Amino acid sequence: MSKHVVILGGGIGGIATAYNLRRMDSSLKITIVSGRPYFGFTPAYPHLALGWRKFEDITIPLANLLPKFNIDYVPENGESIDPDNNKIRTTSGKEIEYDYLVIATGPKLVFGAEGQEQYSTSVCTAEHALELQKKLEEFYADPGPVVVGAIPGVSCFGPAYEFAFMLHHELKKRGLRHRVRITYITSEPYVGHLGLGGVGPSRRLMEDLFAERSINWIANVKITKVEPDKVIYEDLEGKQYEVPCKLSMLMPRFMGPEVVASAGDKVANPANKMVIVNRCFQNPTYKNIYGVGVVTAIPPVEQTPIPTGAPKTGMMIEQMALAVAKNIVNDIKNSADRYAPELSAVCIADMGGDAAGFFAHPVLPPRATVKHKKAVWMHWFKSAFEKYFLWKVKSGNISPFFEEKALELLLGVHGVRLCKDCSGSPGTC
Amino acid sequence: MSKHVVILGGGIGGIATAYNLRRMDSSLKITIVSGRPYFGFTPAYPHLALGWRKFEDITIPLANLLPKFNIDYVPENGESIDPDNNKIRTTSGKEIEYDYLVIATGPKLVFGAEGQEQYSTSVCTAEHALELQKKLEEFYADPGPVVVGAIPGVSCFGPAYEFAFMLHHELKKRGLRHRVRITYITSEPYVGHLGLGGVGPSRRLMEDLFAERSINWIANVKITKVEPDKVIYEDLEGKQYEVPCKLSMLMPRFMGPEVVASAGDKVANPANKMVIVNRCFQNPTYKNIYGVGVVTAIPPVEQTPIPTGAPKTGMMIEQMALAVAKNIVNDIKNSADRYAPELSAVCIADMGGDAAGFFAHPVLPPRATVKHKKAVWMHWFKSAFEKYFLWKVKSGNISPFFEEKALELLLGVHGVRLCKDCSGSPGTC
Amino acid sequence: MSKHVVILGGGIGGIATAYNLRRMDSSLKITIVSGRPYFGFTPAYPHLALGWRKFEDITIPLANLLPKFNIDYVPENGESIDPDNNKIRTTSGKEIEYDYLVIATGPKLVFGAEGQEQYSTSVCTAEHALELQKKLEEFYADPGPVVVGAIPGVSCFGPAYEFAFMLHHELKKRGLRHRVRITYITSEPYVGHLGLGGVGPSRRLMEDLFAERSINWIANVKITKVEPDKVIYEDLEGKQYEVPCKLSMLMPRFMGPEVVASAGDKVANPANKMVIVNRCFQNPTYKNIYGVGVVTAIPPVEQTPIPTGAPKTGMMIEQMALAVAKNIVNDIKNSADRYAPELSAVCIADMGGDAAGFFAHPVLPPRATVKHKKAVWMHWFKSAFEKYFLWKVKSGNISPFFEEKALELLLGVHGVRLCKDCSGSPGTC
């Protein structure tokens, strides 16, 4: 009888895993469990917030999409996992048995600063971005100072930089820039750290990009509180400061959602409830459970004075999805070959007119290669990639042959690597 | 009967105001009161000091010039202002009644460090520049270390940078550079601050320009004393240091001259005796008194550990002169329209072979636009602008149509802006 | 009777002096005393260590070479100098009388950190480089972290930078870069100081070059101890840190060898046993003794928190050799003309694919000119220069006419300068 793979989550990680599995094994039974009824291209949420994209442009309803590829769709969230009995329960109480479980839920957002959820905004979900879009319309009518930043524990800094740059661009276009003081406040030890310990000369590059745009920055501090008209932060000595603002966009930190926690301490990392995985992105205890995407527990690149985490960018998630799909299919086929994702980060911060891109390979040092580039074409490349990726999702083409070849040629990177032994931290092999 | 506008000062501010008024109203009676018998192109005084310009090249005698445009000329300084009776008294005791008074005297120079006036030099007046020219001739015969810098409270740093760069260039040409240690000592919190809180990445740019020329720098300190063979400065903790030098050029700080103080505390800012103005550059108490140029009281861009002020560059002064002329003419015509200058700073530091330029718009943050450029053509542009400006003064063309258009096209700046309400600080609207 | 010039040392300094003398005076008796049987092109020793050059490619046996130019060769080291009786004794006890003595032995290497000689490696001699080559072969089979750096008192930092860059390049080529953390640890106050107080914006350039290659750096510290698996260093407060490493390459500091010390305190600087010279590179006490190259005592460019010295690069040594040869020949001819070398430093750090070059003229500030350049052609230029120099040595052409012309045209530098008075520090005139 054909095996059943259940995938929690219908985002980049879940979809990419499902498509890879389908491509490798047409008879496999695949089920995606996702309470969110659409696939969303998360890197475009800042664009959604600024009204540069419409919701329909960057999302695809799952109910229409998945049946085309013979993937079952359960339009509910997972509520609990019973790893000892190989089944999950959904929010409506439905039980689903699995042979393999892939956890790709994405993160639970933690608005760790007092008042952050109430008085600040985010671009981490389409809903937040749409809410911010509305607030921005009011803001343009009566502008004032803006704070953009990241609270302690954040692992995903790119959208904060991107939002600061893009807001600058939008305000210029509207002739309002001279009425808005923009301040970037971050838990990174320095601007350009990006949770990555820097990527080549990213500190200098980011400082210059901010300076050229008259964006002020304050690094190595903890945002502790948001009030309707100010953001309050502390330095390392605990001294408090406040920055007035009419609008703020602060990145939350990420942890694993309750459904992961329900699986117990052998699946959920006690510290952050993310999925414990080995270098093949398989749970070391329950060998038929895998993790893909932001919900997996990856160690930080380096200790920072104020805690920060390593980002999991789109390329890393695609690499995880490919490795996990290969590992499941090989397990079914009784092949001993196991794959580990290379975990290379590509990060392109759109700035409206142009864009700044970084490439770090591998993400966890020592690094073989770092690259950086600021160029107008990067802005167009990012837009083109968005269209290409949405095309891939609509047409079911994840990791097509020519993409792997391009990565190899351009960046010298392979998506995944054959690994003798899966035990060991993610990112090594 | 035609109204009488009296203008104190025959520099860029006074001349530009007079020409604008004449262009807008050919019947107006205009009188310029200036003890200095010539118009001087102040940005070229460093060039005068280095012998790269002759005095005749960059000055125009007022006595020949003004009558051509039907502007009366009183070759004396103002001694006192009686704002309640609408008249001024000159140094010879002559009384002149006015309908409108424009104060455009330029600053009184304050050599605040002990021994500065005696043992150091400046490029703030043509006389100082000529004196420095002589000292330099002796210096070349027997060179030694040089200090260039700015004492606490300075608002005009550009000429100090320019002099350091140009002296480097001149010493190279003379084959003497290896015998002269050049040190730049400043009250700015960092090199490239410029009294402007920096202009984009001006810190990095200036540090590189100094490093490439082997010019050492010491920032965030107070020069307290000049002796014949050394400059003495203090750090923030009050610790004293000395730098040996054979020659020094130190920018003085600026305050309003006695004639402004004589008008009382409602005209002269008690702190620095500069003219109190609203955003339309009109005195809020005596509505028929206006200020133009360096003598007006503008708040600093930001508080610095050691006090510094905001520069008032040529472009800002031209914008003030245009706004004030429009406001006077509209007042005469009983039009309620009032204009505020945009206050955009263009600052080009000549370096001999090439030049570094900065553009900040508006000067007071938040800023819509900052630009910077280092190029050989900037050097020639600055020279060309000097010739163009002197042509403008000789021919009476201030703010001609094509210049306004060029600014709009190139920099997106308007000279002045129609303002509903004149109350409020300069630089806002 | 023809005069006898004895030269201690057969490296760049000794050979260049001998060739210059022979060119100027074909009848002079010249003897080179050198226990090392070959001339080695020291700037290529890092290349030898990495296996990019063979020993035969960059060395020339002296025994075959010198007779061609009528230069006597004594294949032993000098053991002692008797300056009062104008003779030296070699290690075998042979006594050689001289009319003029040129000390060009090169330095004695001081491995000042505990365990440095035992557990670390160097590229200062061909033997060390060959030993390092062997260690690297083992290292590639099982790589780990690497430390590259310089202990307190080092004056020659270039090869350390070069080795770090070149090792990065080699590891990339071998696909091993992601398994090797490279850390640069130095006594320089900042990266890019180079013992030269920086050369223009060398700090920024070096920081960027390191950042682009993911090489970490720690500056302004003292390496105190090397253990088989770690390097231990202290900060200015004496706090200790350690960096794990599987391989280290640490520059030793230089002092004068025993043979110089044997000549007494009037020849050997008490502090470092290097040869005391005046600006003409003549000993002030014994006027027929000269010094050339690394063995001469030159003051540091500036005091640094942790001691560092000024490097003596190839170009400086060639300038010294030319000046000393001219001075000896003029002394023989009873001409009063004496020459001082200009002491301009050219330093090209090869990085495998490209190279970074610095030019400082003069080495001791104030400097007339500093230049810097990073380019692919610099890499090829350095290789071409190596071939050219080895051709010069083989063919006896030192300081040929067209080379002097090229320097004048390209860099505005003369090799030597006629000096009225030889008393005074090296590097002045």
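Order of writing sets the chain letters: A, B and C. Residues in each chain are counted from 1.
The working rule: a contact is a pair of C-beta atoms (placed from the backbone, for glycine too) under 8 Å apart; a residue touches a chain by one contact, two chains touch by 3 or more.
By chain, UniProt protein names: A, B, C = Sulfide-quinone reductase.
None of the values given here were measured: they were computed from a predicted structure.
Colleague: How is the touch graph of the chains shaped: line, ring, star, complete or other?
Modeller: complete
Colleague: Have a look at where subunit A (Sulfide-quinone reductase) meets subunit C (Sulfide-quinone reductase) and say same if over half of the interface residue numbers show up on both copies, different if under half do.
Modeller: The interface of subunit A (Sulfide-quinone reductase) with subunit C (Sulfide-quinone reductase) is built from mostly unshared positions.
Colleague: With a Cα-based fit, what is the angle in degrees between subunit A (Sulfide-quinone reductase) and its identical partner subunit B (Sulfide-quinone reductase), given to the nearest 5?
Modeller: Superposing the C-alpha atoms of subunit A (Sulfide-quinone reductase) on subunit B (Sulfide-quinone reductase) needs a rotation of 120 degrees.
Colleague: Cα centroid separation between subunit A (Sulfide-quinone reductase) and subunit C (Sulfide-quinone reductase), in whole Å?
Modeller: Those two chain centres are 52 Å apart.
Colleague: In subunit A (Sulfide-quinone reductase), which residues are in touch with two or more of the other chains?
Modeller: 204
Colleague: What residues of subunit A (Sulfide-quinone reductase) sit close enough to touch subunit B (Sulfide-quinone reductase) in their complex?
Modeller: 145, 172, 175, 177-182, 204, 207-208, 211-214
Colleague: Write out the stretch or stretches of subunit C (Sulfide-quinone reductase) touching subunit B (Sulfide-quinone reductase) in their complex.
Modeller: 198, 200-204, 361-362, 365-370
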